[in-house]
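In what follows, structures are represented as structure tokens.
Both complexes below contain chain A, partnered by chain B and then by chain C.
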Partner chain A sequence: MLTRRSFLQSSAAAAFAASAGSARAETPGVTDTEIKIGQTMPYSGPASAYGVIGRTETAYFKMINEQGGVNGRKINLISLDDGYSPPKTVEQVRRLVEEEKVAFLFQTLGTPPNAAIRQYLNDNKVPQLFVATGASMFSDPQHFPWTMGYNPNYQTEAHIYAKHILATKPDAKIGVLYQNDSFGKDYLIGMKDALGAEHAGMIVKEASYETSEPTVDSQVVTLQGSGADVFLIVATPKFAAQAIRKSFDLGWNAVRYVTIVSASIATVLKPAGLEKSKGLITATFGKDPTDPRWKDDGGMKEWAAFCAKYLSPTEFIDYNAGYAYGAAGTMIQVLKQSGNDLSRDNVMKQAANLKDLELPLLLPGMRINTSPTNYSPIRQMQLSTFDGESWQLFGELLMG
Partner chain B sequence: MNEFLHQLASGLALGGVYAIMALALVMIYQATQLVNFAQGEMAMFSTYFAWKLMDSGWPYWRAFAATALISFVGGIVIERLVVRPFAKAPVLASVIVFIGLALIFNALAGWLYGYSVTSFDTPFSGRPWLGNVYMSAHESGAVAVSLCVLALVYAFFRFTPLGLAMRAAAQNPVSSRLVGIRVGWMLAMGWGLAAAIGSIAGMMAAPIVYLDPNMMAGILIYAFAGAVLGGIDNPFGAAFGGFAVGVLENLVGAYVVGAEVKLSVALAIIVAVLVWRPSGLFGRRLVARV
Partner chain C sequence: MMSGSSGRQRRGVTLAVLACAIAFPFLASGYHLYQGAQVLILAIALLGLNLLTGFNGQISLGHGAFFAIGGYGAAILTEKFGVAYWAAIPIASLVCFGAGFLFGFPALRFGGLYLALATFALAVATPQILSYKGFDAWTGGSQGVLLAKPHAPFGLLTADQWIYLVCLFCAAVLYWAARNLATGRIGRALIAIRDQPIAAETMGVNAALYKTTCFGVSALYAGVAGGLSAIAVGFVSPESFGLSLSLSFLVGIVVGGLASLGGVLFGALFIEFVPNLADQLSVNFGESAKALPGAIYGLLLILIMAAMPTGVAGALRFAARLAAAPGARSS
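Coming up: the complex of A and B.
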């Protein structure tokens, strides 16, 4: 299996850093000139489309280092491949913590991989910051104070859809297609939560699928057959594209909701067919680079300039790359706030002390806030509908 | 009723793909008594090749033919370079080689083309065929293509000297060698045919499941179930098994056990057939003198 390591810094600088002693050098991975952080990414395997997140973050820290680093320290991100396989994640994370001696972990990707390392990191009091998944289990400061989420959590998003359905179609009959794992079930739980006991009967049919199945066509037929007039698609990109196409081909005119996980125009709606995607509703928190409305937007220009210098046009329109750009920016903010005290305690404290942070690619008006009791940095979303060309925002910023 | 027919139709369409894939498995099994676990990934890789050709402006059918031909040659090359050295090694060594091939093709495709899904053209677009509203034109086309492939394979083995030589080499290598058949080359031909047939399965599947490096993983499991059900040494039986599994999977998933265990249907079929009727519905019963 490929192992990819990204060193952002020359080994000469690292050798120099090792010789510079200081009182704060007790924190693993931190010297006066460097801070070493680690992550695992699915550079290979079934989820490797997300590998772009690790590449973008590596590029972002390279940019920061070229500008002099944070408080004189260069950032050294060690990004290892785990193939989206939890046993591999455990192995790589132990290597990062025990051999590479990183200060903390940043944006380890995926629900199953993060679930596998959460206990280990909390036992050893190593911050597991801004994990790249929306599963609600990673925003639980009471039980896992060293683990913090980043994405709007899936249940929050499901709440937003449920509220929208209740407001616009109170007598709806809902059919749900979901992936049979914690990602899919999180949405289902959130949906039932927000509908409450009195509206629980609104979900007339649930159909699950496994990622190893070739298609979900049969499930979509079953859902249509149940008489549902609202179709919630909780699926990863390939299956979402199949579901969008099949529901259209069947002539099923339900109101279709698709989750943010598979709302990308380039990787989901195009394969499904733009015409067949018309009318889809999703909730979003970021600006879509392919949407002409942001052409003159300051944040978008910043992103474009960054891509031109450090990445490529492919990443510019990749939703995941834009996401990583924001996460890396948030990380830098935490390091800035931590000042010269880069102990694990203080980094965690500052991560839980973000106040009204605005990021270039977040929707206007959205701010990141965290506190010792709130480990969900992004909590707001806005609904949008697909008009055949781009996502059109409507309504206000919503909290789940 | 409407829903039932839809389930049936979408099962048939994918069943056609399983059938072609099962045929490809049979090609290699017949000659070597081994199941090629890399068949799916080889087909996926061929499909990317076709996509690349079409992307650079080739018309569909020309790209289709070129892909099948190149896959044929590729299959022979793989047999000669990678599989042949293990011909006398234990079965397990060959299995490991197949798994290794599968991983290599998967990683290679990901590295060359990325992992996000790509849509794949179909020559059968437009209105549904013969007023059949339950199947899209492509789905009808895929069923038709799989029947054609089956007919061609049948004709090849039944009516051509080369087909006869291949059958002979598979059934009795020693005698075949004595009458002047180059048995080694016949095995290589089997690999070539399997690769070409697999590439057709890939090109029929891609418009339905979308093209990505992992697209054949699930399909191969169902195709294997189909081949086992119909009899893995009988091309006709295997193809029938493929269709049957496609339809059963949908109907059992929708009306009997529920979608959660739909995939397990394929595995249940494999186990049940192996326990009660190891040679499959149409397979030859193998009797070995001890």
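Coming up: the complex of A and C.
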């Protein structure tokens, strides 16, 4: 028999179940004690050197969880191997979204893998946050409002070089060496953008190379022959080292710019020759752990302590590990700002609402800012020049 | 009468597998349908490679290249020329047939390992050719090409169900064609060329024609698979067709069983799921072991080949023989 009391009880229970159900439906991957997030990483395959990024982020969230999590919720990062193969990335991301029901994706790595999943994630309104690539196509809030970049993108960096050239050498003749892929072309586009139509003629010669070529010596000779007095080297480490050495050996007296991709002292400048690298200019945004200047820096000490406890000395000097440390810190800030509303809408809104965030390994004074129209979190860089031993920062922080 | 009953058995197994495959899209989630489609696509490519390597004895380490031609062909035809996907896949695979047929001529001059090396070069060159800047306008360079997902006619099915069924249809037709090729006169000629080339020529088999045509047909299969893959994934880029893809095809036919058409299904399941399994297993070795999936994959491969040296198909045949004649073992 249906009594009034049991009717009320059951309807109340039904109402409660309905509301709980709808709340869960709005916030996939979130319970009162846990927030589940996903990522793909090339742990195997040709790009496996980047796997350290996933390992560092896993370790960072472990540290946060040991400290009690964010708003009482532990972070559960599901980091899957995609072997840097786009068909596999699509499969793994569908597993994360449809089977594991993660709240959102964080730092999926690589330009082709991210390009393959961007449409799917935007169609399903799943945030694709802080993708680990510098390609500018991932900072396009107008067309892809659920996808946000992280790195200073290559075009931003190119703008900084162009502005510096215009300010210091307005009648420069620029020769550009670039790798023939989206990485190389992004710099070239950025350079032409910033020079504008009226200075477009300043680029007197462009020479490209394929990664299959053994050396870029002939390209460097061609560029010198064009009469250029500014040499922009847009190359991956091995080729950048060749270009630096060759331009010195030729006695080519140009102002040489080298991109952040190949500014490492250990992997580029030493093979090229430290003496031959003197005078190079680059733009940077992070503190170099091998630079003695940061020995007593607070942020660097924090990073060293973290590595000692959760990682190893190898990771301490690994550029990619330091990068991941910053990205994970940014993610935690977004979660803190989101409070108890961890719906995909709100997480995306908060990711686009970062205000003057400082990170331990960013250069002093650098701040992360995002807005609904600005999906490029790191936009500032500072120029530095190589004195034969280490990079020396000069000038102000610049905005690309 | 042994052959009659085993023929009936085979037909029964084939129909049962087909029935399961047709029921699958109405029971599984979208994610599993995507995986199912990947398995079917790989199975098609393995069918083609098995005709070439298993039946005809020509080793190819470069079938990823034909897979790539099929994939890029379908992508360029649909996105740049507005051709419908159902027309683009046959066109792209015919291009593959032509490419494979032509490649078959130099292949005539190479035997065994030398052919393996020549095709290996093809696999190495593919990603770089795809990102060559002269072709940028069509291939999108290293940015690749994005494809729109096809929708089911009349909106009766989800896109995932539809793509799966299209793949199943192609796989079934191509399996049927491969079986007819392999079991008839042509199949006997292919096997004869593999095992006794001189005797085969003496018997009047035109080895050059058979070998080049076999290469072409094999490439056509890879092309269909590549075209379906481009549509199922919705994206092609040079990274999708790396060296490891070509190698995984060879792994697939060996694991499945050389010269076994049914075995390709097991080979495809292996290529699709064992890397995932390796990734999951590597978690058990602690967080720092995240670099291990490749090593675990290798270990699993060695274990499987040690347990089943003639592939899964060979092991199943052996088990079936034991079951049919329990006393056979003691005799």
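Note that the second predicted complex is superposed on the first by the 372 of 400 C-alpha atoms of A that agree within 3 Å, B and C clash if a C-alpha of one lies under 4 Å from a C-alpha of the other, contacts with A are read in each partner's own complex, and residues count from 1 in each chain.
The working rule: contacts are C-beta pairs under 8 Å (C-beta built on N, C-alpha and C of every residue); 3 or more make two chains touch, one makes a residue touch a chain.
Nothing here was measured: the structure is a model prediction, and the numbers come from that model.
In the superposition on chain A, contact of A:180 is made with both chain B and chain C. Contact with chain C, but none with chain B, is seen for A:119 once the two complexes are overlaid on the shared chain. Greater residue coverage of chain A by touch, when chain B is weighed against chain C, goes to C. Contacts of A:241 after superposition on the shared chain: chain B is touched, whereas chain C is not. Of the two partner chains placed by superposition, chain B and chain C are both touched by A:44. By the touch criterion defined above, A:259 reaches neither chain B nor chain C. When both complexes are overlaid on chain A, the residue A:384 reaches neither chain B nor chain C. By the touch criterion stated above, A:209 is placed in contact with chain B alone, chain C being left untouched. Of the two partner chains placed by superposition, only chain C is touched by A:80; chain B is not. Chain A residues in contact with chain B (one complex) as well as with chain C (other complex) are 44, 46, 48, 51, 180, 208, 210, 212. Of all residues in chain A, those touching chain B in their complex are 2, 44, 46-49, 51, 180, 207-210, 212-215, 217-219, 221-222, 224-225, 237-238, 241-242, 249-250, 266-268, 270-271, 273. If you check the complex, the residues on chain A that touch chain C are 41, 43-46, 48, 51, 54-55, 58-59, 62, 79-81, 83-88, 90-91, 94-95, 98-99, 110-113, 115-116, 119-120, 137, 180-183, 185, 208, 210-212. Residue ranges of chain B in contact with chain A, taken from their complex: 2-3, 6-7, 10-11, 14, 107, 110, 114-119, 136, 205, 208-210, 212, 214-215, 217-219, 221-222, 249-250, 253-254, 259-260, 262-263. Against chain A, in their complex, chain C makes its touches with residues 29-31, 34-35, 38, 128, 131-133, 141-144, 146, 229, 232-240, 242, 244-245, 275, 278-279, 282, 287-288, 290-294, 297.
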